[in-house]
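The same chain A turns up in both complexes below, where it pairs with chain B and then with chain C.
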Partner chain A sequence: MNVLNFVDAFFSDSAHWHGYDGIPRRLLEHVQYSLLALGLAAAIGLPVGLLTGHTGRGGNVLAFLATAARALPSFGLLVLIAIALGFNLLPVMIPLVVLAVPPILVTTYEAVRSVDPAPVDAARGMGMRESRVLFQVELPVALPLILSGLRSAAIQIVSTATIAAYVSLGGLGRYIVDGLYQRDYEKVVGGATLVAVLALTTLALFWAAGRFAVSPGVRRR
Partner chain B sequence: MTFTARSSRSRTRHTGAAAVALAAAAALLAGCSSDGTDDGDDPLAGEKAEAGTVVVGSNNFAESTLLADLYGEALRAKGVKVTYKHNIGSRETTYGLMKNGSVTVLPEYNGSLLAYLDAKAEQKSADAVDEAVKAKLDKSLTLLDSSPAENKDSVSVNAATAKKYELTESSTLADLKDIAPDLVIGGSPEFQTRQQGLKGLESVYGLKFKSFKALDAGGPLTQAALAKNTVQAADIFTTDPAIDKEGFVVLKDPENFFGFANVTPLVREGDLSEKAVAALNAVSAKLDTETLRDLDSQVQTDKKDPLDVAKAWLQSEGLI
Partner chain C sequence: MESVTKRYPDGTVAVDQLSLDIPDGSITVLVGPSGCGKTTTLRMINRMVEPTEGTILLDGTDIQRRPVTTLRRSMGYVIQNAGLFQHRTIVDNIATVPRMLGWGKQKARARAAELMERVGLDTSLARRYPYQLSGGQQQRVGVARALAADPPVLLMDEPFSAVDPVVRKGLQDELLRIQAELGKTIVFVTHDIDEAIKLGTMVAVLRTGGRLAQFASPAELLSAPADAFVEDFLGADRGVRRLSFFPSAALELTTAPVVRADAGAERFAAADAPYLLVTDADGRPLGWGTPAGLAAGDTAPDRLLPYGRPFVPGTDSLRAALDCAVLSPTGWAVAVDPDGRVTGVASQTTIGEAIRAAHAAGPADRAGVAP
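Showing the complex of A and B:
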């Protein structure tokens, strides 16, 4: 009854490597759900965060909305929406997006708002228009913090996307949910290991993206 | 520079998250342990039933409460002093309370009780199951007559599927043989792997479904998926009020593939008079699956008081 034995047994069973319940297929589904949810959350969170951060207005409202959204239990929301709307991808996307928007929104707002005002004033003094001030001065400086918001959202999505399995969809949660019901603990531990590995991979990808995208002048050392 | 301030802020956020995670894990563990270890410090465990009083208990789900009320009121009508102990817990708990005499009468399901007493026992017929249960029961306990009313797993199809393939209440699982490859079936995740699930449906009835969707054990998810035609067939309990509400059609199971779960009172040997035993058997004899489902539906869907529902039915049947 050793966790490592479970992990070993799960990954060395060739039946777990192919077919509709195989690891490649479940991993792909999980990545698809996660990317879709992160894309949707970023599409909502980034523009609103950039705008409110740039103008400095609406901070209190944002903080309130973000706190309220974080208080919603993802699992409860999932079951509620699935029963109301049916068993497709929508009931999974709503709780994941609700989960991921607050970290993106709040960090983006904070990041843009806390950019050193001196270069911003200088940019305005040089005659830059507001959109150029935002995208060419504030955004590059705020990028490390914005990326950290995206990163924490992505990791929360990757780990929470397992709940999709509860409403009959795929993803790595399939192993965890099925394993628990079937008392097949190899599956549970194997699925959980895969989710953890995927979360760490996400972390690594964001680190690499940070090295690549963040200007050396503002990089954290 | 601002960067030092930022990194310290991000550190507080991380410790904050860790604290939340720890608290959540602790809450989860606390939840698990309080579920599993009720037997030891059960506040009811010590109380013995008062002499001359019959204690009717029930397990922690709506139908068990209703059945306890049915049996209890039938006893009361015969002049027996009855007290109720409702929603006690699962079979693990209530069986112990039956053995030590804290509860005198408990509505049970014969096949489920047999599976609890002996997981490997075969279930060939309702009578054989009753005999097997009696043989395995603690010597202070016995079963009364089983009712025709059953609450067990079934394969049910939704109204649209029933219409399309002309399936009615007299259709059996065997009739599904040619249709099954067109149907998606839903059930709890273990339904996919256990013998009393997809495997057995294939070996006993030759049913091969198009695909399987993992939902819950006849709960709200399965009901919603079947009602919305996400699945066309599903594992639904035979007294589920959703059957009437949504027009699901329960397919008959002539091979008794799903075993037996006839409502049967579990009682303490010798604690009931002959008159009382006859009263309980009369209730069991009148009750059938459709009636029980209708009574369940009054309690669970219409939110009526189970005691009122029980009294009204007993009166309409002339039992009280």
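Showing the complex of A and C:
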């Protein structure tokens, strides 16, 4: 039996489409964990990145923190925190947020830093306040790069959120963890396929968001 | 500006004890080599740079006493490469300051469209984005954006340095036209002395270290440079360029060698001149010919010598007249009226005499003489 047979068998089994362990429910859980983690990471990474990028200060500290955070193993962190804090959502969120903040923070900082200084100078020279300079001049131009940081963070979260299953939570990781335990490889492959499809959907959503939110003058078409 | 100094924390002095009285309603040019503090001086006027010492007064009031955003919104600011907002359309770029001042969207856009016409931009470009425009067009948008809220003062920092010479000349002419129409107080920074002389009502020449070398009108600068630095900075041909400030109206013209193409062989042969200027029946120049050649029937335009570029007495300067004479193969400059009809010719000798007479009388006001 090859992988495609597994995939076919998994998705054509109607038992997988409803109930407590059904695909819609697991998918919804996975999306919920991912959105929460991305939201938290963005709430930390975006403001700090925008502010440091605008002022140009703190770049070295950021680079150090980002490198350090990237070196942390998500799974190890999960197990450690779960033992310390118990089996709930918090031990899942912490490693996911730690994973997602560096790409958001570093690309946002770089995106704002790399905005052409001439329009920024012109904006200040015509009497624009600093907050307006950031949100009306720098942000719209930096947006494509900022979105790319959010996108890579989102994809990493979607792929890594499977670890929630290890601490008895739901999500698509359930299929992989349970499947491995039960030696039910149809389930493992099915779960992995769903994760991959969700990651690709995330990619498509960010592409659409870019089309919608980035000015044609910046996209240059 | 009263003894303004800008000293940076590392001890570098960008501007040193600079005092300038910038006249209202005219173009004052700050010119000098790189590192002479001309841009720093300009940026101190809208407080993009704060002076270390000295005060800058605007209409008698210290600019430090006004809120910095209010001050900047009352001054148009144009920079090199325009610095347009690439995410905004042309019309929204121009409407930026009116929108900041709280104008409605429709009113601000209507004003922007009006300004596009004023700076010579087709309003069909209004919905385009900056990347779709050429460098010269972008710079026009930059000027329109600076003029949008009708500020009394316009600060321009090397605005035309990044465009090619032909486009630059167009932009310079446009700026002079806009200035004549609107009467703004313009402070213009450039490193190009020719641009300074062309645009400036007054020119401040700065030397390295931010010290004022000379503050004078272009004509005075060319005729009496304050020192060797200014003389050197003006370049080798300042004598010829100074002729731009002498009108050609008083130039003595002669019509003796001017003949019509259908005058007849006898008229040609009787002429007492080495060359004759042949005109058509309307009096427009065709070219030069020798009396013998013309008498032999060589009156077709392609058999005549070219007459070069004619000058218009009263509009053009002595520099233009001299240029015509130098370019003409016969050494004679052709004078025409504004409709292009020949009013006479002048020899290099006549022009030389006019130059000597003009020098004796001193340079004229810029008015009425195109540089």
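Things worth noting here:
The rule is short, and it goes like this: the second predicted complex is superposed on the first by the 219 of 221 C-alpha atoms of A that agree within 3 Å, B and C clash if a C-alpha of one lies under 4 Å from a C-alpha of the other, contacts with A are read in each partner's own complex, and residues count from 1 in each chain.
In this section, a residue touches a chain if its C-beta (ideal position, glycine included) is under 8 Å from a C-beta of that chain, and two chains touch if they have at least 3 such contacts.
Keep in mind that this is a model prediction, so the values were computed, not measured.
Overlaying the two complexes via chain A leaves chain B and chain C side by side, clear of any clash. Judged by the touch definition given at the top, the superposed model places A:178 against chain B, while chain C stays out of reach.
Of the two partner chains placed by superposition, A:200 touches none, neither chain B nor chain C. After overlaying the two complexes on the shared chain, residue contacts for A:128 are found with chain C alone; chain B is out of touch. Touch criterion met: A:167 reaches chain B, while chain C stays clear of it. Of the two partner chains placed by the overlay, only chain B lies in contact with A:114; chain C stays clear of it. Judged by the touch definition given at the top, the superposed model places A:140 against chain C, while chain B stays out of reach. With both structures placed on the common chain, the touch criterion links A:215 to chain C but leaves chain B unconnected.
Shortest separation of chain B and chain C in the overlay equals 10 Å (C-alpha atoms, whole Å).
On chain A, the surface touched by chain B in one complex and the surface touched by chain C in the other have residues 116, 220 in common. Residues 46, 48, 68-73, 76-77, 79-89, 96-97, 100, 129-131, 142, 145-146, 155 of chain C are the ones that touch chain A when the two sit in their complex.
Contact residues on chain A toward chain B in their complex (touch as defined above): 79, 82-83, 86-87, 114, 116, 144-145, 148, 165-168, 174, 177-178, 180-184, 220. Residues 2-3, 6-7, 10, 186, 188-190, 192-194, 213-215, 220-221, 224-225, 228, 230 of chain B are the ones touching chain A in the complex.
Those residues of chain A lying in contact with chain C across their complex are 116, 118-129, 132, 136-137, 140-141, 214-218, 220.
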